[in-house]
Each structure stands twice: as structure tokens, then as C-alpha cells.
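In the two complexes that follow, chain A is the common piece, with chain B as its partner first and chain C second.
Here is the complex of A and B:
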């Protein structure tokens, strides 16, 4: 059994707004082992990003609050950490890359300073050594003229370059866990491939565990060992990447895979999942996916299924596969 | 950078030229006869005409303007009709008191305004924010003459700690600069609060936190520098207004500054002094705008002056 790096258990992060409680993350359980890359997939608004921000405890500017569950990192419960203890984890042992490279770097500071900040803070290097390390990191992520780039401002770099800088920043203190929240979504396709390549190389060199949040199944297929599919704040399916593409169980997962265009297949229209993710104010009573599901049963509209093992390495939250005896319908 | 600066400085000349025309025309449109005021109420019509001729006020207005401009170019701002002293001397004597009063007012207005703004922005909708914004709204709404009188009442009359007016020691600066700065501090507080609140929603603030930086470093380091641009613009303009000398405050505190000089010279129709003072205010505003523009370059690396 591989060493467990991150263990999110029954995490509940709720948002308290004017129109009541929004259960953005509602009982999510995800485990990531050392050196493993786990993809978290789902449509916008399914709670992927909130899950990752919960791990970093970066819900500062949101009305969000972790109400239940536990987040264990290397056996330590992060939810019991003080803000000071969290600061020592953030950017150091757990680092994060964000979706928007264009706006994730501070426009008024030079690239070098932004990298060195974390290096000096966590690795306790002096200015000179931090500068050398920053240049080294920029070289590592494939930035040309890195000794000049440290003296440049973010606006002087392209989106792809900025995302490389973000990766260099995240990897600078050799984190044990990297959370990448849609790291390639804002980039064009050729740059996407380069960034994924880079992340793969870095992972192999440093044995970093990666939690990769994306809605792009192509990225999942390229990068991940295991996949967690989320819908409306809940995990609906989890399995290894091969099983997911070969034998998806949940109708939602099948819908997602079906809506990816395939080369060689002559289709006029792409398949799509009808409807939208339900808004928090009119969440269906039974299965959250039931209103959009093509295999909907009567029970789906009344009672929510549980996440159940369908095969040795495969769990699914769907009435189609529920063992009726254990659930007692 | 140097090239930009020189270009801007040369650009001042035509602006001042147009400003001088307006000033000249407006001053001559003020009702009242300076010749009569100089000659005195009891002077005969003949004497008044003599004075008028002596002052050159009998000449056509464009001739007067022309000699006004040529004299300025030769460094001669004229002679005060009231004191008969050179205008340059009159103004330079009054400039420094107003300048230092402005500097002190601005200094503490910037310090407290920013402090209140940042605290309010980071403690949004908490008691610190409400208290800060209550203070800011009060600072904007309270008439300065009233605030000045209240401060004199408390600190000079009741407690006897500070002088009621005049400009004798450093103590004399305290009350007028607080009175003058209160409104500015309030405006800075409100500007920096709203500006910083917007900035704190930016992605790079989250990046800073994700790096493990202390919240203070995120706010004061990464947040504030970005939030400063609108604050600097506004502060620059306020500085310009204060340099003009606050007429009200200088009167309340019997401050020997430009504001009071302006009042005196307007009531005496002292054309040369009024004109010179207006021209000086225009120049001050132009220079402050230039400094603000240069500060943008310091704050925002995307602005580089070539």
C-alpha cells in the first residue's frame, strides 16, 4: 500500500449567502497517494475548486466555511491547524497553481521578487541564494533567458510563460502535494501540451503528488492515475483512469465522455448532456443528476443513492448499480 | 524619462500663456475701481484720473495685457497697489507658511487616511470598518471652519495647550494642519478603502496567500501598491487645492499665508497681486499633475515614459 499523502474525508464546505446555504462541497472523500496524480473532473460549479481551496484553507474572500469532515495531509489534520501553521504549509509542502495565469501574478512586482518571496520564506535562503534558486527554477520550467526574466514584469510575458512562472513558483520549495486548478484551461492547445509535459516531467523528477482539477477529459487521460468525478458538490464516480474511459458507470460520466469529439468518427453533432447543473436553490430531492439523466428510474427522483463499490477499484453513486438489499429500497 | 520630462516642462509654456489671458480678463472684470481705492475715498476726480494714468489703467486692455506679459517675462510681477511693495516679495513671503501648512496637513492626512482605508478594507463590515467610515464621513461633512473653531475652543481656550492662531512655533502648526487635513484624510480613507477592496479580490492576492505569505504582507505589500493609483491622483489634486491656501482656515487661524493674501488683495482690487497669485496656483496645479504622472510610472511598471 502506497503512502497516503492527502486524505479528504466527508468534507463539507458550505456557503452562507443571502438566499440561504449553498452546499458547494457536500461530503467529498478523496485520497491521494504519494507520487500519484488524481484528476478531479466535473462541470463548472460542481465544487472542484472549492474542494481545492478548502485543502489550502484559502476561503478568505468567500462566504464559504468548512463545516464538517477532515483533511489529513501526511496524517496531520489541516483543519485543526492554526493560521500560522497553515502558512508554513502553504507554498511549501502544499503548493497551488491557478487557472488564470494572466491575472495570478502581481502586475507591479518583478518576476524574480515574486518567486523569491516564497523561497526566502520557506527555505530560509538569503537574497543572493534565493535569486539563484529562482533563476534555476525558471530554467527548469523551460523559460529562456531566465536570468533576465527575473528582472521583468508579468505584462512582458505571454500567458504560457506566465503559467510556467506559476509552476516554477509552486515547485520552488519542492512541495509534496501540488494542487493544479485548471492549469491549462486558459491556454491555447499547443501551450497546453507543453505545460502538461512540463508537469509530467516535474512529477517524475520530484515524486510530487498532484491533485489535478479540470473539466477537460483529454487532460485527464494524459496526466492522471485515478479520477474522481464530481457533480453538484458530491463525488459520483471514482476509479482508475483506464477503467473510467473503458467502462464508465455513472450516466453523468458517460455523458461527459460521450461529449468529447473523436477523430475518425463522422458525427454531425456532438453528444451533449441536456440541461444544466441544478442551482442550489432548486436542488432535486433525489439523485442530483436525475433531471438530466437518460436512464432515470422512479427511485432516482425520490431518494439519493450512496457512493457504492461496483467493482474492486470502482465506486459509483447511481441507482442503476446499487445493491438494493444493502440500501433497502 | 528625461526626454519626457523636458517635453512636459516645455508643454507648460503654452498652458500658462492661455491661463494668463483668462486670469487677466477675469481680474479686470471684477467690479470696482482700483484707481479710486488707491487714491482714497475723498480724492477728487482729477486725482483719481491721475492715479489711473500712473498705474497705466487708462490704456486699452490689450496694451495692458501686453505689458503685463512682457513684465512677467522679465521677472517683474509688478508692484502691489496696496503696499507699494514688489508683488514677488509679497507672494514669496506668504508662500512658505502656506507651503509648510500644506505639507504637514498632507503628511498626516496621507498617513491616517491610508491607515483607516486599509483597516476598513480588510475588516469589511466589521466594527473597525464602521468606525473608520463614520470618521471619514464626519471628516468630509464637518465644515472646516467649524472644526477649526471647535479645536481652538478645546485645545486653546479650555486646555490652553496650543495657540489660537498666528505662526510662532511648531505648536502653531498643529491645529490648522489637523483642521485642513481632516477632509483630505477622510477622502483618502474612502478612496483607499474602495480601491483596496477591489484589489483584494484579484487572483494575485490569492497567489500571495497560497505562497504562505502573512496576511499583512499580502495586504500592505501586494495589495496596497496596486491600490495606490487612484489614491495618488486624488491626493495630488488635494495637494494642489491646499497649496492655494485655504482661505477659510487661514482666516480662522490668522495664518499669514496665500489664502489670506488673496482675500485682502481681492477686496482691495490689487490687480497685480491677484494676477500673480492666480498664475502661481495654475503653475502649482500643472506641476503637481506632472508629479502625479511620474508617480504612476513608479507604481505601474506598464507605464513607462519615453
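Here is the complex of A and C:
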């Protein structure tokens, strides 16, 4: 049995607004083992980013709150940590890469200074050594003239270079877990290929566990070992990457795979999922996907299914696959 | 007399050649980035640099390329939202690149645009009815007809007639894009320029809009110029595809030739970089080194030589000419 790195159990993160409670994450369970890359897939508003922010405990300047569940990192419950203790973890053992490389770097500090801050803080290096380590990290992520780049400001770099700096920063303290929230969405395809290649190399060299949040099924197929599909704040399917693409169970996963135009396949029409993602104010009563589902049953509209094992290593939240005795209730 | 008219359209030897709906010749757009005061040399960003193509009636031409390659600028020049620096645009055989603002306004009835951002391209203070009927007001369609048409258009794009009295904020991204499409269809255009119409949408919604665009094309015999960065989306929707790099079209061919048998090293690299949703597929990937050079200071010779794995001395010095290597397959590369 592989060593468990992160264990999110029954996590519930709710947002309290003027229009009532928004259940952004509603009972999510995800486990990530050492050296494993787990993809979290879903469309906007499904709660995938809020899950990652909950792990990092970065919700304090939002109206969001973790109301239930547990997040264990190497056996330690992160939810019981104080803000001071969390600071020891963030950027050190657990690091994060954000979607927008422009907005996640500080525009008024030089690249070197931003990198060295984390290095000095967590690795306790002195200034000289921290600078050397920063330059070495930039070299590692393939930035040319890295000894000059440390003295430049973020605006002087292109989008791909900035994302490389973000990755260098995240990897600087050799994290055990890397949370990457849409790391290549803002980049062009040729640059995306460079960054994915880089993340693969770093993963092989350092055995880092990666939680990769994305909406791009192509990126999932290339990077992940296991995939969690989310819809409306809940996990609807979880399995290894091969099974997901070859034998998807949940009608949402199937619709999602069918919706993507595939290079070289000349389909005249795409399968599409009718309707829209439900808004928090009019969440359906039974299964959250029922109004858009092509296989909808009577029970779907009334009762919500649970996440159940359909095969070893494959779970699915759908009435089509529930045990007969549970359906009978 | 009739014979003469046919021969003017290039009909020779019994092969019927249809005049293109839109023809673009040597189109250029340079943006100046300083004033050139007191003898300082004026500097330019060559956003579009010598682009030529045609679009036949009823077909979809896709333009792909990475950010900053000039694909959107090209689209905006065709709409005459930007004035070309040089070059000509012919619409149904008539030159439109030299018309003034008033003359072009009445012509815009024939070509309409669908924009990328469904949140920014609809006026939040107007009701859907006003948004969709605005082009009809400009083109002088009587009021009763307008009211009737708005409701019909909304049904055509998959919304309902009762949506006409709502405001844009009441709709989701996909529905807003449908409103934008209804607005573009309002004046019965012949050509629709769609600039990244699905890139802001979720995948399940993206496929709905792509299917809608295909259905509408069939129903109203529309011609599309489809501008996007996503190669799979462009392959799905287009008949012919042009690949742009730093303001130039480097390769243009019908969809099958371009995707199955790409010639230009940039097209090859671009295609190999697209992640494919099949975990068993292990492909040889061409990873390009470095970033796209700045268009204000493009490399000499072939602009792609700084990243090209096959660059030679010739590529560094000489600008390649566009060559037709197979019928309808154009490549601009020294290798051919």
C-alpha cells in the first residue's frame, strides 16, 4: 500500500452570502498517494478550485468557511492548525501553482526577491545561498539567462516564462504535495506542451504528489494517474485514468468526453449535454445532474444517489449503478 | 454577352469557377508604437503582415494561431473595425477596403461578427429584445417586422420568445453567446466572422454552440470565418484552415490535408502539442524552444526560424514566398 500524502474526507465548504448558503463543496473525499498525480475535473462552479483553496486554508478573505470534514496531510489534520502553523506548511511542504501567472506574482518585486522569500523562510538559507538556490531553480525550469532574470520584474517576462517562475517558486522548497490549479489554461498550446513536459520531469525527479485541477480532458489524459470528476460540489466519479476514458460510467463523464472535439476524428456533430450547470439558488432536489441527464430515472428526481463502488478502483454517484437493495428504499 | 460574363469569372475549359464571397489580398496592419517625433524613427508592430486568402460562399475558413499572431486583427479589418495599412478586401467582387465609414455601415448588413466574451459584448442595460433588434433599427427594418423577428431569432438559436424581455445578467455564458449569435443573424448576413466564440465557455456548453453554428450554417447558407486558438475546435468546424504565425499565414489548406499531412514545421509542432484525451496514446511530441518573438521586432528572414527545428542559413536571411505545393495547399517555407 502506497503512503498516503493527502486525505480529504467529506469536506464541506459553504459560502454565506446575501442570498443564503452556497454549498460550493459538499461532501468531497479525495485521497492522494505519494508520487501520484490526481486530476480533479469539472466545469466552472463545480467546486474544484474551492477544494484546493480549502486544503491550503486560503479562504479567510472570502465569505467561505469549512463547515465539516477533515483534511489530513501526512496524517496531520490541517483543519486543526493555527494560521501560524499553516504558514510553515504553505509553500514548504504543500505548494500551489495558480492559473493566472500575471496576477499571482507581485508586480513591484523582482523575480529573485520573490523566490528567495520562500527559500529563506522555509529552508533557512542565508541571502547568498538563497540567491544561488533561486538561480538554480530558474535554470531547472528552463529559464535562459536565469542569473539576469532574478533582477527583472514580472512585467518583463512573457506568460510562459511567468508560469515557469511560478513553478520554480512552488518547487523551490521541494514540496511533498503540489496543487496546480489550471496551470496551463492561460497559455498557448506550444507553451502548454513545454510546461506539462517540465511538470512531468520534476515529478519523476522528486516524487512529488500532484493534485491537478483542470477542465481540459486532454491534459488529464496526459498527466494523471487517477481522476476525480466533480459536478455541482460533489464527486460523481472516480477511477484510474485508463478506465475513465475507456469505460466511463456516469452520464456526466460520458457527456463530457463526448463534448470534446477530438483531433483527427471527423465527427459531424458533437455529443452535447443539454442545459446549463445548475446555479446554487435553484439546485435540483434529487441527483444534481438529473435535469441534464439522458438516462434519467424516476428515482433520480427525488433522491440523491451516493458515491458507490461499481468495480474495484471505480466509484460512481449514479442511480443506474446503485445496489438493488439501496434502490429499493 | 453571357459568354463574356462567364469568361470574366475565370471559367475556362468547361470548369466552373465560382467567384469567392470574400477575397483578401496582401492585407497589412501596422500599429505605430511611438510618435516618430523630431526625426526619431517610427516603430511599428506588424500585427498582420501580408496576408492573402479567399472564402467561398457557404464554406467555413478557420484561422488558428497562438496569441499575438494577428488572427483577431485580421477579423477586425474584414469588419472594417480597423483600417488596413495596406492591401485590399473584396466582398462579392467589390472592393470594401477603400470605403468610408458611412458607406461601410450600410454594407455591414452583409457581414456580422460574433465576439469572444459573452459577458462584455452585450450591453447590460439593454433588454435582449433591444440588443437583438438594434442591427435591424440601424438597417431600417420596420418596427412590426422587428418585433416578430426577434422572437423568431431567439427560437432559432435555442432560446425562448419569453427571454426577449430579460436582461443579459439573467443568462449564463452559453445563453449569452446564443444572444450574440441571434444579434449577428438579425440582418440576414452572408458572412459571419466569429472571433473565439467558444473559448470562454465550458466544454459541455462549447459543444452546444458548435453544433448550433453548424445547424445555422446549413439552414441559412452562411459563410463563416472562424477565428480560434483551439486546433481541435477549428478542425471540427472548418472546411479549410489557415495557420498564422507572427502576422503571416504560414500554411493554408483544406482541413484533411492540413491535419493529416501538415507541411510547415510550425503546423507540425502546433498539432503535436495539442493534448489528446486518450491516455493510451503516446505520441512523439515536437517541443518548440522559447517563446513567440515580439512582433515589434520580428526575426529576419522567415519569422519562425528562431524556434524552427529545421532552420537553415537561408531561413535566417530570406523571407519565404507562399507556394502552392498541392492544389489548394499553400505553404510559406524554404523547405518546399
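In this section, the second predicted complex is superposed on the first by the 325 of 329 C-alpha atoms of A that agree within 3 Å, B and C clash if a C-alpha of one lies under 4 Å from a C-alpha of the other, contacts with A are read in each partner's own complex, and residues count from 1 in each chain.
Here, a residue touches a chain if its C-beta (ideal position, glycine included) is under 8 Å from a C-beta of that chain, and two chains touch if they have at least 3 such contacts.
Predicted, not measured: the structure shown is a model, and the values here were computed from it.
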Worksheet item: Is the arrangement of chain B and chain C around the shared chain A a clash or a fit after superposition?
Response: fit
Discussion item. Touch test for A:293: chain B only (first), chain C only (second), both, or neither?
Written reply: neither
Worksheet item: Who does A:171 touch here: chain B (first), chain C (second), both, or neither?
Response: neither
Worksheet item: Where does A:195 make contact in the superposed view: on chain B (first), on chain C (second), on both, or on neither?
Response: neither
Worksheet entry | chain B versus chain C as contact partner of A:217, first or second or both or neither | second
Worksheet item: More residues of chain A in touch with chain C or with chain B?
Response: C
Worksheet item: Can A:61 be said to touch chain B (first), chain C (second), both, or neither?
Response: first
Discussion item. Let me test your reading of the model: by the given contact rule, A:103 touches which partner, first (chain B), second (chain C), both or neither?
Written reply: first
Discussion item. So in the superposed three-chain picture, is A:134 touching just chain B, just chain C, both, or none of them (first/second/both/neither)?
Written reply: neither
Worksheet, complete the sentence: Smallest Cα to Cα distance in angstrom from chain B to chain C after superposition equals 13
Worksheet, complete the sentence: The intersection of the chain A residues contacting chain B with those contacting chain C is none
Worksheet item: If you look only at chain C, which of its residues touch chain A in the complex?
Response: 66-67, 172, 174-175, 202-208, 210-211, 214, 229, 231-233, 235-236, 259-260, 269-281, 285, 287-288, 290-292
Worksheet, complete the sentence: Seen from chain B, its contact residues with chain A in the complex are 200-215, 222, 225-226, 299-302
Response to the item:
Listed in rising order, the residues of chain A that touch chain C in the complex are 43-44, 144, 158-161, 188-194, 196-197, 215-222, 224, 241-242, 245, 255-264, 267-274, 276-277, 279
Worksheet item: Given the complex with chain B, which residues does chain A contribute to the contact?
Response: 56, 58, 60-61, 83, 87-92, 95-96, 98, 100, 103-110, 117-118, 121-122, 153, 155, 166, 169
